[in-house]
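After this come two complexes, each holding subunit A, first together with subunit B and then together with subunit C.
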Partner chain A sequence: MKGKRWESRLLIATYVLCFAMFGSLYLLKEPYDTGAVVMAVIICLLFTYGYIIIRKFFPDGDKFIIMFTAVFAVIGIATLYRIDTSVAIKQVVWYTIGMTGFIALVVLLPDLKSFGKYKYFFMIMTLIFMGMATFIGQEKNGSKNWVALGPIGFQPSEFGKIFFCAYLASALKDYKKFKDLIQPAVIVMISLLFMVLQTDLGSALIFFGIAITMLYISTSKSKYVVICFLLLAVGAVISYKLFPHVRVRVNIWLNPWSDYDNKGYQLAQSLMAIATGGFLGSGIGLGYPELVPVQISDFIFSVIVEELGIIVGFGIIILYFLLFYRCMRAAIFVQDRFSQLLAVGYSTMIACQVLVIIGGVIGAIPLTGITLPIISYGGTSMLTAFFSLGIIQKISEDA
Partner chain B sequence: MAGDINMDYSDLIKPILGVLVIVIIYVIIFMALRIMYKDVKSGDKKKSLKKVYGLEVISVVEGSNLKNGNIVPINRVITLGRKEDNLVILNDPYASGYHAKIYPKNTEYFVEDLNSTNGTLLNDEYVEGRVPLEIGDEIQIGSTKFRVIG
Partner chain C sequence: MNDLSINIKKVLIIFLFLFLALISYFSYFVIVKGEEVANNPRNQRLAAKRNAVLRGTIYDRDGNALTKSIRVDRSTQKREYIGGLAFTHIIGYNSTKYGRTGLEETYDKELMAGSEFSFLDRFKDSHKLKNQVGNSIKLTINSQLQNLAYDQLRSTGKNGAIVAINPKNGEILALASNPSYDANNLEKDWQAITSDSNKPLINRALSGMYPPGSTFKVITTVSGLENLEGLDYKMFNDTGKLTFKGTNYTLKNYGGSATGKINLEKAFYKSVNTYFGNLAMELTNRKLKNTAEKFYFNQKIETEGFFINPSKFPEIASSDITNIAQSGIGQSEILATPMQMALVASTIANDGVMMKPKLVSEIISSEGETLKVIPDEPLGRVTSKEIADKITGYMRKVVTQGTGTAASVSGIEVCGKTGTADHARSITNEAAAHAWFIGFAPQDDPQIAIAIIVEEGGTGGTTAARIAKQIFQGAFK
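The block that comes next holds the complex of A and B.
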């Protein structure tokens, strides 16, 4: 019972964070902005509701996943509120939908084991979603990865990721000999090719990360990993030579200041925002988030760091790491092979996404536009993050 | 004038809130690590179930090590089968090596057939996948019968 007391303290700490952030936003405007307080109350009610359901009806499951998503949602929505109130309201709606989906998955989903046999269904869905944007996609922020079906616009590769992990888990769970790897390898290559054709390099990197981790977990042979990295190197060189947009990205990364006004603008602005923020940040409301491009999704990390300091940036990275640890923990303890690989796939997906985008905005690796899970604005990315975490939550009950 | 005083007031609070945000994020990390540390240290996780169900043996084959009226509490995963490393060993010619398992999960108890040759019967119906248990249910494996008691 002692553990329970600490858990409620954690819950209280999250409330304090929520009210501290929205409290600063409340004081920011003249007259004071009551909307911020309403927002804070709504968010607190949402994650408390989710936590109580998990705590009461599914006590065998992990309780941290929902707590960490609450912290990310608080930071994300407060930052969005600071940038643009209307975007923050939309994000709260997405957070509500994501949370509802998370709880619904945990309540309704039967035993996950039984999904292991739908290998070909997962395969077809993966190929459909991967290919969709290549054929009927529209260009958005330099990547042709956006599909509009009537009034609804979404990023098919985000949904593709979910099926991609499910397919790999069902294909690799029966791994015995090298021949079993040929079919998954072909599917992975086709997916990567589609991503490169859509100029969605960030997603390509994530797919590669997922595939290589799941391959290693299922075969535990390091030679496959080495071969994969060699193939990656060859693929990277070829796409560097072949596609101009890859060259542009690499050149910006090597020297963002050489073409400051034009192609290097995004990264240069992001680096300047981070540098201005310094260790403790300029304080909420005192930075200039409007100078950072794509500030509500891809570059939200730079905005947070500018106003709250790199120290909060580190905190966010640590929290993502802890989330990753909790997800992997579920994978370690679960008996069923399919569930295990699925949990590994989804937790790698989230971890890779964090590494790729944070590495990108701080200029550590070439910048590729993807979202920061749960913090960034975006309906599709919110839904996929909560969907995969919901599955992991379900798996953690068996662990 | 009143406005000025207000301004001073909020100027004082803003930096405090700023520091609070930083502090609380690290407090959350610290608390999470602390709970996780306890969780790692205590190893086997404890079940928070209020009611513990049990299995009462109500029918056995001859020569079995089980006797009518024996009670097995279901406080962890109970494996049943003919092999020696099961928790409940069934000396029953119709039982498989690893026949079935009965375990608590969340707030319920489940019985699961482990692809046994002759199947597991729950109230005279074959068990497929995992099925939740109620008090009074009868589980039959080969000729051995159990009743779920609360």
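The block that comes next holds the complex of A and C.
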């Protein structure tokens, strides 16, 4: 029963956060912006509804995962609302679809164990999605990782990630000897190569993180990890020499000010936004998100920190870790190896994404354009995040 | 618990460290680098924050707006200078790229001062909070006179400056500098403005350093009357030139003419160089310098709203007699700003008391309420009323029968002193001398004191005195 008390506390805290943020937005406009309050009510209803369903019908599952996503959604949508109302409305739609998908997965999906046998299906899907943008992709924000099919545009590598984890989980679940690793190794390398060719270095880094984590967990051999890092180092040096866009990324990271007017502009703006915000931030509506490029997706963290302060930045990072912890916890207690590896894969995917993009916008590592899960604007990103979390939720129930 | 679960726990710990590393770098960035990055001049937030307040207006003395600020969006506003080119140097510019000059700089704080808001006011009057307008300032400048002065300078086709002051309270009525530039098109014209050899950015009235020539004889006369008893009764034999033992230099009168036996008054209105050269030697450098410094040469002059380049009077060794003699006629190494010379005329007009020059008379809130009235302040007594009166008489004679008759205006008793100042280029015959005129009017109750310089404009008695006439006529229309 102790868990339940914490859940309701978290629920109340999320309501407070939601109304505090949208309340500020309500006061900001002239005359008062009732749309903000409507927005807050809709979001609260949505996550409360999701929480009640999970709590009532699937009491064995983890209840914190959905609560953490609610906090991220509140922060994300409120920030988007402050930048551009129409984007926030679209994001609410994506959030609704994501939540629906999440619950649908938990309700409808049969036992996950049975999916372990579709290794080749996952493999083919992985290769299709990874390769898609290389052949029919368009350039967006400096990466050729965007595909438009009729009116629908999406980032195939986002879906690729889902299949990538599923493939690795199914391939590694039966690991006995070294030979079993050859096929997955080839698939991982092909995927990484595609990402580098699409100049989507962020995704490449995430795939590497997922692959190495899953490899270690299934084999328990740290020497493989060491070998992989050596290979990564070699690969990194080669791509640095071979691809100019890799060199550009590294040079900007080392000194964003040297090419301020051109390539370094994005990172420099992000750093100035964060530094100006300081510990407590300027306050909602008092910062200058319009100065930060790609402020609704890749750089949303900088915008949030400028207005809400480093403190909230810390909070977001810690909360992502807690989400990661809850997800991995589900993996610890489940018996089936496929489910276990799948949960690890999806958790690592989210954690790596957070580390890579936040590390990038604060200048800790070279910046690569990817989204911050659930907070950033974007349908594909929202759907993959909720899909993975839905699977993990399902796994947590079996534990 | 199987192997996998143990591995998962290990991975969890590794990720914990990765997240901690992220937080550590984040803290490091904010604590160590944060301030430097935030204060980077490229950070547009600093300018944007300033722009939360709409810049106040600058008005002339009659309340006509000389500037206009228009809100573009939340973080940008546009400043328009609607007074015309005549006002550019006074107002200056406010540019994110080139900084601020003129009153835009000295009164920046007032112009950007938004209203103070308490926490509760934010809710009660949020409309006002979002539409804050800075304070306005009211100048002492008379727009008609300012435009007249600028147009007069422009009509000469030469560089120059004109200053007009109310001698009784120090209010600056006109402050013109030619050439000017358009502060509305700074970015477009910057290249042309900065590469122009006439240097239009310089406010010649306040920063231009010129040899004052014969206009400096006013100060030599003050020094003579203060230090040498009965000077105005003594006679001097002018042979047209002054020679110096041991040198081949001769100090000549303008045009080389000799006036014979003359007293101080005649020497003054005829602007006899030999007389004042001789007087400077009699006074010694120490005494003349002392008087010049009472007129604020070599010193910073306190002002309201602007900065005057300090004028220079040299220290000359007593053996260097040619230079000492030249210092009596405003040559040697003496350099004065037009503002300095206007203050000299103004001091004589105001019975020997120099008033603190001021460009701004009032600070007004955006609602039109007067927040501060700048008081009239004397800088101090420079010379006695008797001496000032005596010199006033001499200056009147300059205009009635001396070198400055071109400045006379019927119905107004104009007093003045002309100057034709040699400078390096004019001595080598490469160019004409600078034309000067300083003066005030009317004699009995001075309302306006002026200084005019036209660079390489020829003689003061023609070029500068003619402009003086126009200015006085304009002022008393």
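Observations, loosely collected:
The working rule: the second predicted complex is superposed on the first by the 394 of 399 C-alpha atoms of A that agree within 3 Å, B and C clash if a C-alpha of one lies under 4 Å from a C-alpha of the other, contacts with A are read in each partner's own complex, and residues count from 1 in each chain.
Criterion: a residue touches a chain if its C-beta (ideal position, glycine included) is under 8 Å from a C-beta of that chain, and two chains touch if they have at least 3 such contacts.
The model shown is predicted, which means the values in this text are computed figures rather than measured ones.
In the superposed model, A:L27 makes contact with both subunit B and subunit C.
When the two structures are aligned on the shared chain, A:F64 is found in touch with subunit B, with no touch to subunit C.
Contacts of A:E397 after superposition on the shared chain: subunit B is touched, whereas subunit C is not.
Look at A:V312: by the touch rule set out above, it reaches subunit B but stays clear of subunit C. Once the two complexes are overlaid on the shared chain, A:T14 sits against subunit B while remaining clear of subunit C. In the superposition on chain A, A:M132 makes contact with neither subunit B nor subunit C.
In the superposition on chain A, A:L271 makes contact with subunit C only, while subunit B stays out of contact range. Within the superposed three-chain model, A:G359 lies in touch with subunit C and out of touch with subunit B [touch as defined at top].
Judged by the document's definition of touching, subunit A residues 27, 318, 325 lie at the interface with subunit B and also at the interface with subunit C.
Note for the complex: subunit A touches subunit B at residues 2-3, 6-7, 9-10, 13-14, 16-17, 20-21, 23-24, 27, 57-61, 64, 67-68, 71, 110-111, 114, 280-281, 283-285, 308-309, 311-312, 315-316, 318-319, 322, 325-326, 397-398. The touching residues of subunit C, counted against subunit A in their complex, run 1, 3-12, 15-16, 18-19, 21-23, 25-27, 29-30, 33-38, 40, 42-45, 48, 75, 123, 126-127, 130.
If you check the complex, the residues on subunit B that touch subunit A are 10, 13-15, 17-18, 20-22, 24-29, 31-36, 38-39, 45, 47-48, 105-107, 129-130. Residues of subunit A touching subunit C in their complex: 27, 30, 213, 216-218, 220, 257, 260, 268, 271-276, 278-279, 287-288, 290-291, 310, 313-314, 317-318, 320-321, 324-325, 328, 331-333, 337, 340-341, 344, 348, 351, 355, 358-359, 362-364.
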